[in-house]
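A, B, C and D label the chains in the order they appear, each numbered from 1.
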Amino acid sequence: MVTALDADWAVRWVRCAAADVRTHRDELTELDRLIGDGDHGVNLDRGFTAVVARLDGPDGTRLATVGQVLQLVATTLMSTVGGAAGPLYGTAFLHASRVTDRPVLDAAGVLALVEAAGEGIASRGHAVPGNKTMVDAWHAAVEAAGPVVTAGDALAVLRAAADGAAAGALATIPMTATKGRASYLGERSAGTQDPGACSTALVLAAAVEAAQAADAS
Amino acid sequence: MVTALDADWAVRWVRCAAADVRTHRDELTELDRLIGDGDHGVNLDRGFTAVVARLDGPDGTRLATVGQVLQLVATTLMSTVGGAAGPLYGTAFLHASRVTDRPVLDAAGVLALVEAAGEGIASRGHAVPGNKTMVDAWHAAVEAAGPVVTAGDALAVLRAAADGAAAGALATIPMTATKGRASYLGERSAGTQDPGACSTALVLAAAVEAAQAADAS
Amino acid sequence: MKKLLDDPAEAVTDALQGLAAAHPDLLTVHHEPTYVQRAGGTPPGHVGVVSGGGSGHEPLHTGFVGSGMLDAAVPGAVFTSPTADQVAAALKAADGGAGVLAIVKNYTGDVLNFETAVELAQLDGVEVASVLVNDDVAVEDSMYTAGRRGVAGTLFVEKVAGAAAARGDSLEAVAGLARRAVGRVRTMGVALSACTVPHVGRPSFDLPDDEVEIGIGIHGEPGRHRIPAGGARDIATRLVDAVLDDLAPAGGEQVLLFVNGMGGTPLSELYGTYARAREVVEARGVRVVRSLVGSYVTSLEMQGASVTVAVLDDELTALWDAPVRTPALTW
Amino acid sequence: MKKLLDDPAEAVTDALQGLAAAHPDLLTVHHEPTYVQRAGGTPPGHVGVVSGGGSGHEPLHTGFVGSGMLDAAVPGAVFTSPTADQVAAALKAADGGAGVLAIVKNYTGDVLNFETAVELAQLDGVEVASVLVNDDVAVEDSMYTAGRRGVAGTLFVEKVAGAAAARGDSLEAVAGLARRAVGRVRTMGVALSACTVPHVGRPSFDLPDDEVEIGIGIHGEPGRHRIPAGGARDIATRLVDAVLDDLAPAGGEQVLLFVNGMGGTPLSELYGTYARAREVVEARGVRVVRSLVGSYVTSLEMQGASVTVAVLDDELTALWDAPVRTPALTW
């Protein structure tokens, strides 16, 4: 049982996420090629590569709180990703950083992080669940994580969020998109997973990976 | 034995040539695609189609001499074919018309026709045998027809010219072009028959066809 | 995929280097963040006109920087909206003291990044107005879509706004004219082949040899539906009909007819399509008084075209005719 | 093959109809025989400047008809020289009383048809001078070839001659300047893909996915040799080196650098290639003082580019800078 996650975890999370985005870059891009404009994987890879470069530089040494790590992620994604995903992920991490500005997160803090991120995206993109966007994954993450928080295991909350996001991403497959580029395709958008929902599931799975590394150590 | 060929023969020749060019249009174009710019068959087809249209119109009714037929062919090709082949074939028929301005051609007259046509092309294009052009076919036609003329059979002269042209066209295959577009390819032009030499063989074979029709009738 | 490129990740930067070197009299390129600015900057007291968006649509927008059109343009990665800090830097640079008009094509990414950029520039005291271009009639503007896209009609809006700024109009007036232009311009496009984004390396969609995509955007995204490949007359009729059905002219209007190539279409085909499109427009009682034919709002090397109709009035016609000097549009 | 065309046999006529309808202020199109003439004709007392050749290279030549460049242009079928009577009609129409300069690209077909046309026009009392453009360094000018082809450098010759005629130079002077331009301009091209002639319906040559053709002409003919597909830097270096080795500049020369697209190449790639080419030119001690980047002398939808260098002097620079107003080139 992991009761608390600290700034080191957040740094590991971001590094894991960057590695996973790199590994799955072409899959994400292919999903976006099918129902968007074929750049989602490349956009995120460019952004997370820049985040890792900043973590490796002088900015990376002074990060005492989870919130500070997430704020660095937010500003870097906002100035390097572009497209729809840049401001959306940027806002998610920015809002998440505002509720996590302390050295250690407990189970409730993890839930607050995920909730703030999801709300940030929904408010920025004016999307609701069912529009076939990353909101579907974030929303499912929050729904799944909420009931687990009372047990007090931060890792379990994170795991529930990640599992929820994965299920939410899969659930976008049959949907017809009504937000973002995929909406231009109308019914032809059904049958393909939303790339942003897919990357959301990846990013939250990376958070679990990073927490498990802490658990083992 | 056909001792004489008249204006009707010339008209039949031109119609046969037009039909054969149409039939072999894509082959000629394909040869030109390989070592030129892929338009030879289309160019000649456009020209001979216009010639037949003029033969079918009011101009076609007043043709008393072989020369008059050939002059109509010459001017029509010159104003409809374009490219290199237009002026070359145009000049060939124009020069041939000048030595055939009488109702009937004997064996010597047929040879004179082929010689004048070949000389017209060579002087217009400044090409000599071995340059891998239609000159190779015309030259071979004249060489083959010359010895046959003493026998006095106009059809035999024509047949020798056509066979010579066919052999001359085949002989262009291994040549490296030094005139016309194919010369830009340098040694890569070797291995393909020259399209203009090939069309020359077609046109002279049509003359034989037309004369045989007279023979049979 | 074969392209005249070196590192795909550097392709946008390499092209900007060439643009700057070829047109030092017209524009300069700034780096970190990247934007293109008119040589000498916005004339003091004039409204700055700024646009931007993903790269891959050249000459839009960078090729329209100069006098009489854009004061700055912000190129993102290929088909990817520029970031908010790029846009904010361009907005600030283009302020000549009379405020800045931001011309935004209606895509989620562009809208989100420009929104943030406008806030950032306003924090720095720059007065900014925005206009959203959404001329693509292929997309239904309903609650089931992100709204109509901005496509080739953007050129018309940029020309009108740039000319209004050049004659000294206020920010309010320039923005008003740009909005009037948006309200009167409509576009519909067709793709004969897809394009290949350099870092993706394969075509953006798969299209059988005997079909065309009707209602494409300019990002290599598939269109609304596929139809058997017809001739220029068939396609021009479909595009013009869609555009005019939407514009619903009463008849007798004077219009600009703009046939735009998607990047890989020969100019001769665009002129042939223009001839067909013009016949259809005039058969509906509309008079073509201005024309533009060429590849101005492209999707890399995509083969295809779009037809844009803009309903003119005396003022819009005068602004269209006003002098312009940019790399891609000069008169 | 998918193209925005109706009947391939009418494609040239259809495009001319569009050209005429889009640019009534600049040009008119004559039929039977077909040629394009500057609106209002050659100004009386000025030398007429005429060019022509096969279609498929648009905007060359018809897009350069207007003021300050061509007084008439004669389009043949696609990649097929126009006929002598077409050319003769254009020569006669372009005579403003001071004679006509015929600018002929060096191809057997063009040379033969223009030769005949010049004789026909002279019979009708028109004074005609001819200049042969042969800027393509890919072809060795030897007894083993038809001589160097005229390719993108033709644009430079037409601009210089048109400007000289516009300022009132005599036929002898215009012809002399055109010949000076020919002597100082060289070009080399590359193809990444072949083009498809409409009535042929299949690509003009077959090129594997990992190779490019170096030393292509503008008629879809294959080049001199194939090399593995390198990047823009590699290709630009090869093209510039070939051009400069032939021009053999002593160093310190001022030049026009013209990167031309073959029809299907995105503008961004042309600017990127221009950036690379300029580096190579300048590394050889030559100064680029004028630039042109765009698809001006094309091969239908071929992907590829050519690099042209023209060595300027004060007079050629002034003639290049002189005003021009045509559908495709305006400043």
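By our rule, contacts are C-beta pairs under 8 Å (C-beta built on N, C-alpha and C of every residue); 3 or more make two chains touch, one makes a residue touch a chain.
Quick caveat, the model's predicted, so the values are computed rather than measured.
Going by C-alpha centroids, which chain is farthest from chain D? Tell me that one.
Of all chains, A has its centre farthest from that of chain D.
Cα centroid separation between chain A and chain D, in whole Å?
55
Would you kindly tell me how far, in whole Å, the mean C-alpha position of chain C lies from that of chain A?
Centres of chain A and chain C (C-alpha means) sit 33 Å apart.
Please work out the Cα centroid separation of chain A and chain B, and write it as a whole number of Å.
Centres of chain A and chain B (C-alpha means) sit 76 Å apart.
With touch defined as at the top, which chains are paired up in contact here?
A-C, B-D, C-D
With touch defined as at the start, can you tell me which chain A residues reach chain C in the complex?
It is residues 29, 33, 36-39, 42-43, 46, 78-88, 124-125, 176, 178-181, 183-186, 188 of chain A that touch chain C.
Which residues of chain D touch chain C once you look at their complex with the stated criterion?
2-7, 11-12, 14-19, 21-23, 55-56, 58-59, 63, 192-193, 209-210, 212, 229, 231-233, 235, 259, 263-276, 278, 288, 291-293, 295, 298, 300-301, 303-305, 327-328, 330-331
Which positions of chain D touch chain B when the two form their complex?
Residues of chain D touching chain B: 33, 54, 76-86, 107-109, 112-113, 115-116, 138-139, 143-146, 149, 197, 199-200, 202, 204-205, 217, 219-222, 224.
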